[in-house]
Each structure stands twice: as C-alpha cells, then as structure tokens.
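Structures follow.
What follows is subunit A paired twice: with subunit B in the first complex and subunit C in the second.
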Partner chain A sequence: MSALKLHFESHPKLIRWGYILSIIGIIALVAGFSTEAFSADPEISSHFWGTLMYNSIFWTLVCNAVMFFICITTLAMAGFTQSFRRVAEAISTLVPIFGTIAFLVLIYQIISHNHHIYHWLDKDAVAHDPILKGKSGFLNPTFFVIWTFLAIGLWSFLGYRIRKISSEADQGPMSPEQGKAYIWKNTVNASLFIVWFALTVGSTIHWLWTMSIDPHWYSTMFSWYNFASTFVSGMSLIAIWVIFMKKNNYLELTNQEHIHDIGKFMFGFSIFWTYLWFSQFMLIWYANIPEETVYFYHRMHGPYKFFFYANLVINFVCPILILMKRKAKRNYNLMIFMSILIILGHWMDFYQEFMGSIQKSHANMGWLDFGVLCFFVGILLLGVNKALGKKPLIPVYHPFIKESVIHHV
Partner chain B sequence: MHLKYESQLREPLVYGEKTYGQVTEDILKPIERKPSKLWYVGFFISSALLLFGVYSVYRDVTYGIGQWNLNKTVGWGWDITNFVWWVGIGHAGTLISAILLLFRQGWRTGVNRAAEAMTIFAVLCAGQFPVFHMGRVWMAFYTLPLPNTRGPLWPNFNSPLLWDVFAISTYLTVSLLFWYSGLIPDLATVRDRAKTKFTKLMYGIGSFGWSGSTKHWQRHESLCLVLAGLSTPLVLSVHTIVSFDFATSVIPGWHTTIFPPYFVAGAVFSGFAMVQSLMLVVRKVFGMEDYITIGHIEAMNKVIVLTGSIVGVAYLTELFMGWYSQNKYEGYTFWYSRANLFSPYGWSYWGMMACNVLSPQIFWFRSMRRNIFVTFFMSVIVNIGMWFERFVIIVTSLYRDYLPSSWSIYYSPSPWEIGFFVGTFGLFFTCFFMFSKYAPVIAVAEIKYILKTSGESFKNKITKIETEPLDKFVDEQKHAH
Partner chain C sequence: MAIKKFVVGCFTDEKELFPAVKTIRKSGFKIHDVYTPYPVHGLDTALGLRETSLHTAGFIYALIGLCTAFGGIGWILTIDWPQNYGGKPHFALPAWIPIMFECTVLFSAVGMVLTFCYICQIGPLVKKHRFHLRATDDYFVMVIECTQQTNTHDLEGLLKSLGACETKTETVESGWWLGRYDLPAPSVASAVIALILITSLSACSNGDAGREQNRVYMPDMAYSRAVETYDDKEHITNKGIFYNAEPAKGSIARGSDIPFLIAKDTPGSTLNYLAAQKIINPITSLSSDDQEEAHRLYLVYCGICHGQKYDGNGPLYKDGSGPFPAKPATLVGDPKYDAMPEGQMFYSVTYGKNLMGSYASQLTTKQRWMVIKYIKMQQEAVSKPQTNTNSK
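Let's turn to the complex of A and B:
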C-alpha cells in the first residue's frame, strides 16, 4: 500500500529563486528609494510611491482572492478542492505580509501628505473645490487609515481562522456527527470572511485606495471590476502552484481533472472580467459625459494607449482563444504559461489604473516596475515554500476528501 | 471504477427506497391520471385572468395607449416595470439548467424542468409589454431589420431597445430548444406507457421517434452540452441588455456602470423566488416531497440570500455614489426622490429595500432556510420587492426630470394598465397548468442519472467505503483502473 506524501520538503530551487528575485527587488527598491522617493519633483517621487502602491495592493488582493476562493468553495460545499486546498491556504498566508507592506506604503502617503497621488489630501485644494469638500466625509485621512487597517487586519485574521480550522482535518477520523459539525464550523467562518470581503473588496476598498486617485471621477462598477481582476489572478496563482507541486511529485490525489476545473475558473472569470470591463467602458463611452470619459480619454489616446489595448488582448483575447479547448485546460505546461500571462496581464491592468492616474502625461514602465514585481514574487516564493512545509499537504480526514479523489470532469 | 463519489454527509437528493421504475411511476402520475378538481379550479381562474388581460389589451389597441396613465415625464410606467420584472423571472430556468450544470450541482435535477418551463412562460409574458407599448401594434414588425420597401427606414442599430429585440428573441429560442430537448426522452417514456392510441400518437409525435438507443443518448447529451454552453452567455446578455435600456441614457439614477451585473444578480434573485413559489405548490399538490426535498429548498434559499445580498451591495453602492459623485442631479434622484421616505415615492424605495435586502437576510439561519412556510412567504416578498425595484428605477428617475415645468402629477396606473399585468399572470399560470398536466414536471431521466449517487437508499449502502481510511480507498481506486 502506498502512503500519501503529506510532508513538503523545502524546495532548494524555490529558495534560490526566492532569494535571487527578492534581492533584485531590494536593489531596485533601494535604487528607487535613493533616487526617486524624496525627489523635489513630485512627478518623480510619486512614480516611486505609485509603483510600490500598485504592486503591494495587487499582491495583497490576489492572495486575498485565493482565500476568497477557499471560502466561496466552502460555502458551496465543494468537494473537488479538498485535494489541493492546502496549496491555496499556503498562498493565502501571504495576506498579512503583503498587507502590512501595502498598509505601510499607504499610510506613508497620508503622513507625508502626498497630494500628488491623493489630491484630496491637499487641504487648500479641498477648501476651494466644492466637489472635494463634499466628499471629505469619505475622503479624509482618519477614515482612510482606520478603514485600511480594519480591512487588512480582518482579512488576515479571518483567513488565519479558516486555516486554523482546516488543520482540524489532520487530527483523526471524524464520525458523521463530527464531520457535520466540522463542515458547519467551516461554513460559519467562511461566511464571516465573505461578508467582510463584500464590504471591502466588493465595494469600499477600491474606491478608497484606487478610485480616489482621480478624486472627481466615479464609477459604480469600479470595485466589482477590480475584484474580477484579482480573482482571476488568484485562480491563476493557484494553478501555478498546484502544477508546480504535481511536477515535484506531491499532491497524488490531484490530477488533470482538478487542473481542468481550475482552468475553467480561469477561463470563465477572464470572460467575466471582460464583461465587467465592457459594461463599464461601454456605458461611459456611449453616454459620453465629459466628467466620466475623462478617465478613459488619455488612456485610449494618450501615452497609455499600448496598455489600454494590451489589457484586452492579454486578459480577454488570449484566455478565450487559448483556454477554450478542453485539451488546453488539461495541459500542465500550457496552463502554467496562461497563468503567468493572466497574472502579468492583470498586474499590468493595475499598473495602468494607478500610474495612468498618477502620471497622466507619460507612461514609463521600466526597471522599477519590474524590480518591485521581482521583490513581491520573491517574497511569494519564499513565503509559500515555508507555509507549505508547515502542514500536511492533504487534509486526510476532511469529510469531502474522497469526493476529490474520484473526480471526473 | 466509479465516475463520481458523494459523501454521506451530503443530504440525499431523492428520498426513499426508489428504483428506476418507481421514479417513473411517481413523476408521471399526474400526467396519467385525470386532473384533480383543484387543477380545474386553478386553470379556470388563470384563464379568466388571461381573458381580462386580453380585454385590457384590446382597449389599448383600439383606443391607443391613452388608456394607460402614462404622462408627460413618466413615459415608461407599469408597462416597462412589468416587462423587466418578467424578464428577470425568466432567468432562473436557464441559470439552473446551464450554469448549475457547469458547476455540477446535482440538486438542479429536482427543479430544472419546471424552472425551464417557467422561464419560457415568463419571457412570453415579458415580450407582450414592449410590443403593446408601441401603441400601433400592427407596426411591431418595424423592429425587425427586414429588407423592406420603406426606403431608408431601418431600425436604429444604436439603440439598446433594438438590442433587446435580438437578445430576448435569441434567449427565448435557445431556452425553448433547451427545454424541449430535455423533454424528449421523458415524452418518449410517456408515449411508451400510454394506454390510448391518441395519447400514444401525440406523445409519439412530440418525442420525435426517440428510441433510447445509445446513439440517441449520445447525440442528446452533446446537444444539451452545446445548448448549455450557448445559453450561459445568453442568460447574462439578456438582462445586461435590459439594463442598457436604462444605463446608456443620461437620466440620473439610470446612468450607472454597475447596472449590468447588478441587473443580472437581481434577475437570478427574483427568478429563484418564483421557482420557490411554484415548486412549493407543485411538490405539495403532486406529492413530490421525495424529489423536491427540504435540501433542494435550502439550496435555493442559499442562492436567494446570496443574490439578494449582491443586489444589496449594488443598491448601497449606487446610493453611496449618488452622494460621492457630488453630482446634484444624481444626489437629488437618490437622496430625495428615492431614499427620502417622505418624498412622493419614498415609500416604494423603502419597500424595495425591506423586501429585497433586509428580509432575505433571515436565510442566514438554517432553520429559516428549511422552513417551508417562511420560504413560501419570502418567495412572494422577494417577487414583490423585485417588482418595486424596477418601479423605483423607472418612475422615480422619470417623474421629476430636468425641466421642473414638466414635472408631472403623481403617476398611478389605470385599470387597463393593471388589467394588462394581471392578464400576463393569467397567461403565465395557464401555460404552467397546461405544462404540469401534459409534461413531467421533474426531469425523469435526470433524476435517474443521480439516483445511484444521491438517492437515500444508495447513500446508506456506502458506509463501509465512507469509513475506510483514505490511503486504502486511494489504493482501491488505483487498482480499479
């Protein structure tokens, strides 16, 4: 009888690449910090802080979207996810780390009154601008700090609880009653997470962090659109890690069928993202109200033109054409390629969302953007590598684990 | 080797010691016996309502839409409210058949047939309103881009109202095909059991000579999969385009980017509520408690609390943006015409909030989700609330437009406007009564498909497998390959 491989041995390649990438990232950060961060020219300093902002926020939200996936599949009583849920859990352990970085970066903008990024921090401007004055009940430093703290804090805390409850499925066989109670406990905690998620990622947090960079502009779709972006990236991140584990002979119970299902999520939610993109863009374009089109005008015609169109090609055309076929979703290498492409695509979407508002006159994606990206990917590799070793890779006594074994798509 | 394993912890989807034969017996019973008195009473009431609707429409066509109380600013009133409401209800069927099929939700088999039928009837009802709102209904074909002799007169392709024509007619076609292809094997079962020649002939024609051969099943399954794939984007597109009817405009309260997904969520919400109302009655009257179980009801209530909450987030988002935008027109619409309880239509906004956002929250509690009376009551409340949602959107945005001199008097419908709406209820229920008499209200073949994984008696037999250790289970599976 073959025993299941439950223990993850720290992977030397992961550690090596984790260090290489984070060191590259740190070098880029130090270089940026010394040359740009405190420049007298606000364009230059905002370039540095803006880059840190969109990267830290993107990676926090993507890892948090992985926890969202765990919770929503818990509520839907999904069985197929059980064989690889520990991988998703490991990714979600990065939420407090990335969240803290994002928190510090955001708080620094408030403390330093960086009104080049958040125009509403400029008291004089607000006093003379009736619109900003009217919004100051929401766009003010106190609320910003409290809400940011609560959002990141509760995502981390509720996620931690879910992971802790998950460990109970390692302790020993459960009787049907215990199994039911266990499922119930998971359900209650997952619902708490989802409610908080709806109040933050589903609504307020994107208005506060991102939309307020253009403090006059507004779109009711904005938060849902960003949610779709991070969710599909989160699914891609799960796909990469699960396939990595498969290639290293872990996760015996996970196979092509599970990858196929993850692929369906990537395919479906890429189209869902496009649907939200189109709905937001088309309605603004069609109504043609200057206060609204101002957001898209320079993105479509100005320096961000390339990113505007590349966004649609990478995040819509590629997934719909490449992931449509059953075979594609069952091909490990192709899935890795598509996952990386989708994550980079949405990372670039975040780039144009933030930088397109912070520095409207020019787009200069360059060494700093990729350097900071390396930093976050490096931390991700090291963090997930460590988290994977801490728990058995399969929740052997989870009541639904057998459903994950016999799983045919 | 098994293709699917289902934990004993999941509730059975079919109760009792059922065999395939019994499943057929149970579900086909209402078709094979004479309708009960209750059926006749219901059928006649619905037909009477339908006739009243026909008379109301007759007045509209003969005397023009002056028969309705639409006025200078409220050019869309009950008519379009009812249209959107019915289209919304027509979403649950395809959602259950297609999207839940893609998510492999076994419980859909208990309710999909009736939900699909309901979808078709609801879309039929919805279609009446824009058509008769035209006034000169004999010109309805002008909406179609037919090659014509009317010179340069073509429909306006830039108008979302025209997109509606395409979206809804496509949706109706695909839903009809989907529903009917699912029916074919079941109609053949009725044919094979028929006792009179006439019944045999009619169901024989209806089932297109279905023989149940492997080839037939193979083609049937691929057809259903293709139709499921087609209808998934369609079900999203229909209410998206209905939302465009409003959102492409520059009317405060209508022009908001969240409309498309929010309308879709609302449509699913109201559609599930209507499925609940109907299925609770069907299950009681036809004695189908073994097939439409409390578990089914609970699952649908979960969808209701989920979609209700999504809609709630959208309401609050809109309300917030009404303030955040600092646009005084948006602000006036949201904070005066709607959220101010003491404004002329404030009551309708708060009625909507109470029905759609607050009351479904009781479904966070398991005991409430599993309570039949609460469920039935809530399903009606949700449908009332969703009707008010459309009423609020349409009327409160229109009745005070940009030009105060044209601000209208309070809009309330005329008897013929109400009569038209009541008539569509007649149409809907007449169709539904006919359907429940002549077609199996539950998909017989699909219940058989899940019987051996989700049936109670079969689930009881797997205790041995359920309790064996995981690695032993995995080994057995490997060797079974």
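Let's turn to the complex of A and C:
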C-alpha cells in the first residue's frame, strides 16, 4: 500500500476560486449590510437577514448531513465508505464554521427582537393570541438560544470526536481484537451523534429555526422534509469532492463502484424527499383547512409560483429520470452535473421556504442571494482544501478497508 | 425443437469454477449455462453475458402503469362520471397520485416477474430439463453445448483437469419452452376439473345461495362503519342519533349563487329592508343575450303591472281603470326608484312590497338579479342616453 498517494497537496485552483468566490460574497454581504440590514422598513432589513439565515442554515445542515452519513454508515458497519471517508470528514469540518455564522445570525434576530421574521418574539402579540400562547413553552427566546447553542455545539463536538477516532486508523496495523475494539468505539460515538441528530435535525431544530417563521402553521412532516433536503445535498457534495479528487489522481482505492453507490443515495433520497414533499402537500391540499393552506397558497398561486414548480422539476423529475440508469451513476461528469443541480435545487428549496414566509408579497432572488451563496461556497472550497491536507487521504489500517477495495456492485 | 448434445461438468467450489469458465471459453467452447445453488457475484461477466435489459422492461411497464392509472382515473372522474368529492375540482391530480404511484409499482413488478419467467423459460407446468439435481444444493454445474466436431471424451477430460468432480454427456431437447409442458397425470387433471365443475354448479343451482348472509370475514371492511352518502340512514336515527341528511348550514352548492342572507322584516319593521341597500348585485353586466332574456322575464312577470315602458301603467292598472287597486311603481323616470339601490329592489322583489307580492318562487336568485340589473340599465339609458347605446 506504500504506493498510495495519501498526502493531499493544497490545490492552487481551489484556493484561487475559494478566494474569488468568498471575496465576491463579502462584497455582496457588505453591500447588503450597508443598504438593507438596518433599514427602517422591516421588509427590507428582513430580506437581508432572511437571506443570510437560509444560506447559513442550509450550508451548516448540509455539512452536518455529511457527518450524519459517516455515522450512519458506521452504525451499518458499511465498508465501502472507508476509501473516501476522509473526504467526507473534511467536508464535515465546516460544521463549526458555518454553524457559528448561523448561530450569530439567529441570535441577532433574537437580540434585535426581529418580530418581522419571528413573529413570536412580539410579547404583546403572543399575549393576545391563544395559539402562540400555547406554543410559548417552546417558542420563546430563552429556549431558542439554548437549544440553538446546544445543537450547533454538540454537532461540532461529536463530529470532532468521530474525526479524531478516525485518525487512529492511520497509526499502524491492528490486531483483530484491537480492530473490534476500534469498531465498537466508532459505533458508540456514532450512535451518540445519531441520537443528538434525531433530537435536532430529525425533529426540533427545523421547527425552531424555520417553521416558527409561520408560527401559526405547523406540519409534522416539516423536519423530515428538511432533513431529506440537506441529506441529498450532502451526498451530492460528497460526490463532487470525491470525483474532484479522482480527477486529480487521488483516492486510488475509490472507483466507479463507490461513485455508483453514492449515486444510488442521491437517487433514492431525491425520491424520499419528493415522497415527504408530496405527503405534506397532499394532506394539506386535500383537507383544505385555511389555517394550513395559507402556507401553500401564495407559494402555488402567488409570487413564488416559479420556485414551487421548479422545485419539483429540479429535485424530483431530473434526478429520477437522469439518475435512474446504472450508466449515469457511473459517469463522473454526469454525476458532477447532477450533484450541482441537486445542491442548487435544494438551496432554492430553502430559499422558498424562508423567503416565501418572510416576504410573502414578492419573490426577488437576486444579487444578494447569489452573492451570499458565493460566500459560503468560497469558504467551503478553502475549508475543505485545508482539511484534506491535514490527514492521510485513506485510513489504510481501518479494519474494513479491504471491503472498500474489493467493493463491487 | 432441436435435439442437442451437452457436456456437463460439476464443480464443488466457486474458486475452481471461475478459472474453469475462463479456460473453457478461451478454448472456444460455447457454454450453454452455469447452474448454481445461489447467485454468484460476477459470474455473468465471466460468462460474457450482456447486461440484462430487464430494468428497461421494468421502466416501460412502469410507464404503462402510470398512463393506465392516469388515463383511467382521469377519464372516469372528469368525463365519464364527474362527481363532487369533498368540493375538490374534478381534475384533482394530487389525490390521484397515490393511485398512479401504486399502479406504476404494480405494473412494473408484475411485468418484470413475468418477463423474468419468460427470459428464463420458466412457468407453471413448464418442462425443464435438469442437468444435475445437485445444482439446487451444493454443485456448480457447467453445461457446454457440443457441435458436430466436439470430442466429448476430450472435453470431459479437460473439465476433470480443471477440477470438475463429476462429468457426463447428455442429449436433450433444448430451445423454446412453449408447448413443452409437464402435464399432470390424467387422473389428477380430471379430479381437478370435476372439483371445479361441482363447486361452480352447486353455487349456481341453489337459487338462494349467496343471498343469505354467511360468515363475514373482517366485517369492518365489508361493511363500512362510516356514514356513506347513499346509505339508508335509518339505523342511525334508530340509535337516537340526530341525522338530517342535509348539507351543513351555510354550504353553497358548486356553481350556484351566493345566497341573499337578509331575512324578511317582521311586520312593522323596515330594518332589513334598509339593510338590503348595502347588498351589491353580483351581476355586474349583462351580455346582449342576457339582456334579451331579462327583457323577456320582465315582460312575463313584471310588465303586466309595471308596464312595457316601465311607467307603472301596465294592463292590470291602466291608469286606475284596471283590476289592480294600487299604482305600481314607475320604475323608470321616477327619481325615487332611479336612486333606489339594487339590493333594496332585490329585497322587494324577493319578499314583496305592500301590494306587490314576492317573486322568489317564480324567478331564481340569478334571474331576479338579472331583471334588476336590466331595470337599472333602462333607468341609465333614460338619464344619460348618449353614453348608453346598447340598451333596448
């Protein structure tokens, strides 16, 4: 195994593009900050903060979903992921960074008392509103801050532990006993992450951060729906990076077979996402109760109509038709294209989810949205580039590495 | 059906099988098939089989299922038998999607199973030649098709040298499976046919069979506990539950007009009569056909008192010489009625005014609003004739 290229040389193109994109992003942020952030008109200031919110939350959750992928495959005792797991680990190192940005943006909404975005921050309104009063045990500033802090903090911390344990597989060959102990240690830590993930991403965190923008409305599907969104995006992100590494002659042990399996995840979870989308939509459409249809009415018939339908086309019709064939999932270029499409599609889904509730009267996806997107992508490029260089690219002494080598689908 | 000769070699280990397959293929022999006790990963590539197109077939079946469901439901619910389900539009696509999905999956699954059977030439009663019974247990059985030139003896020797534990040469019928059935013995067949005949005959013979209720399997599914639309509601009223089969208060039938919610005044009061001033005519304009119809309705129902010229001097009044005792209102030309809001006119026509009776039973809500709009148009035509040209 000595011939393997384990060390990643910082890639000049990545750095160049990382800086270009993040500088574009910073310019957009500064421009938005100075013109919109403190506008007297809450519509305008909320446009800025809302854009920042959905971008930072989206990217935090996508990177966190990558850590979820590592943990869930650990629990499933999957072997095929070992040859490219370091790439996934590198992506997940961005959770603390994006998480901090999201945390600051969210906390600012609470401190600045922005009840244009979070209506439930308005104490007088809550006092006269039996529905909001009933929810105030959950929707209150104290709980929001504590839970947000715990969520992001523990994702980062537990993810850090997983990555640290992963490094032990670089130190030297393990005896079968040591190997078993190592797997067990991985399993315990991964399950801790999964439990916390279920309590946050699997349920509460989307209610708290996103659904509470429409505090009167609720859907029990909501968190799962968002989880599915971020999970397919996470898988797509892994696919892009792994293929990028392959094209630069790294990851010799990873090949079409592994990409094929990642492609299956993208295909399957795109359909899972649609299943949740439809279940949520159909029940509300059929029951036709005004309290519930408010959420969809202006999205379907109002200014967000384009995004409503584009969402389905990009995130369902394209993946199901294009990724269905075996050959498609084994074609590197097509997979890169589909990954970018899916990530942008779900980014747009987050856009309509947040902005569709924050500014109902008009949809203006524009320079600020794309600028902030550039900022996050730029940081992602720089961050992953740096994290990849820190560790050997393949955990050569991992007990399951052989499974990855002979993986065949 | 061709009769062919085959050389059969049995292996006990996957590890020997793969190199053997390779060598045999390299030596130019045609491998008919390899029978294994379980699916062997990679054997298809080793045998040089092309990738199966079963999934393409599955995709096509799925599309057929999707179109069948969509076409079927769509035709039934929008063209053949449109009904109102929960106030939803007839083309209620979201509600159909679950069924479309189910049909897609069903067609795809069943279609693929049948196609699979067809490709593998298996099916109920189909006669299959088994080259070696232990292929279903622990042997990997390689079957090589012979040609005229094949020296079976040498080939068996080659197989043995490659690790085969048992070899043999067989001559069997191969090829298409249609027509090659393992028919059950005549006695079994006739017994089955007799059984079918007896049961079906006995089911038909007794005139009352099937009418009496027998044991019911899963009664909750056979008899809905929910109140169904066209059910006999007696059993509900018998239980003392109030049920009056009427739509909820305030519901409006699909396609019908918004009701006039103002009630008739109690004698002596004009409260509702005045309140009616605020009601707006839902009909904002009349097409020329509508105008003709409104004019006709006016002549039939109103003109006899209010006059053809809207002057309150119809045949029944005739300047006081007719049989009707009171002067009907001068609908056009009298400032009082020119200024009267349409809602209030509607109130009078609906509930009656002094000596004028109610017309609610003769004219529908829509017709009443039409006639009133028509009268208003006549009033406007007189007060500003130059702007209104299309009035009669």
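The rule is simple: the second predicted complex is superposed on the first by the 407 of 409 C-alpha atoms of A that agree within 3 Å, B and C clash if a C-alpha of one lies under 4 Å from a C-alpha of the other, contacts with A are read in each partner's own complex, and residues count from 1 in each chain.
Just so we're on the same page, a contact is a pair of C-beta atoms (placed from the backbone, for glycine too) under 8 Å apart; a residue touches a chain by one contact, two chains touch by 3 or more.
What you see is a predicted model; the values in this text were computed from it and never measured.
Partners subunit B and subunit C, once the complexes are superposed on subunit A, run into each other and clash.
With both structures placed on the common chain, the touch criterion links A:276 to subunit B but leaves subunit C unconnected. By the document's definition of touching, neither partner reaches A:172: not subunit B, not subunit C.
In the superposition on chain A, contact is made by A:400 with subunit B only, not with subunit C. In the superposition on chain A, contact is made by A:221 with subunit B only, not with subunit C. When the two structures are aligned on the shared chain, A:183 is found in touch with subunit B, with no touch to subunit C.
In the superposed model, A:12 lies in contact with neither subunit B nor subunit C.
Considering which of subunit B and subunit C touches more of subunit A, the answer is B. Shared-chain residue A:408: touches subunit B and subunit C both. When both complexes are overlaid on chain A, the residue A:290 reaches neither subunit B nor subunit C.
The residues of subunit A shared by its contacts with subunit B and with subunit C are 286, 408. Subunit A contributes residues 1-4, 75-77, 79, 130-131, 134-135, 138, 173, 176, 179-180, 183, 191, 198, 202-203, 207, 218-224, 252-253, 264, 268, 271, 275-276, 279-280, 283-284, 286-287, 289, 291, 394, 396-397, 399-403, 405-408 to its touches with subunit B in the complex.
Interface of subunit C with subunit A (complex): residues 41-42, 51, 55, 59, 86-88, 94-95, 97-98. By the touch criterion stated above, subunit B contacts subunit A in their complex at residues 2-10, 102-103, 233, 236, 240, 244, 247-250, 255-261, 302, 309, 313-314, 316-318, 320-321, 323-327, 364, 465-467, 469-475, 477.
Residues 278, 281-282, 285-286, 288, 324, 326, 408 of subunit A touch subunit C in their complex.
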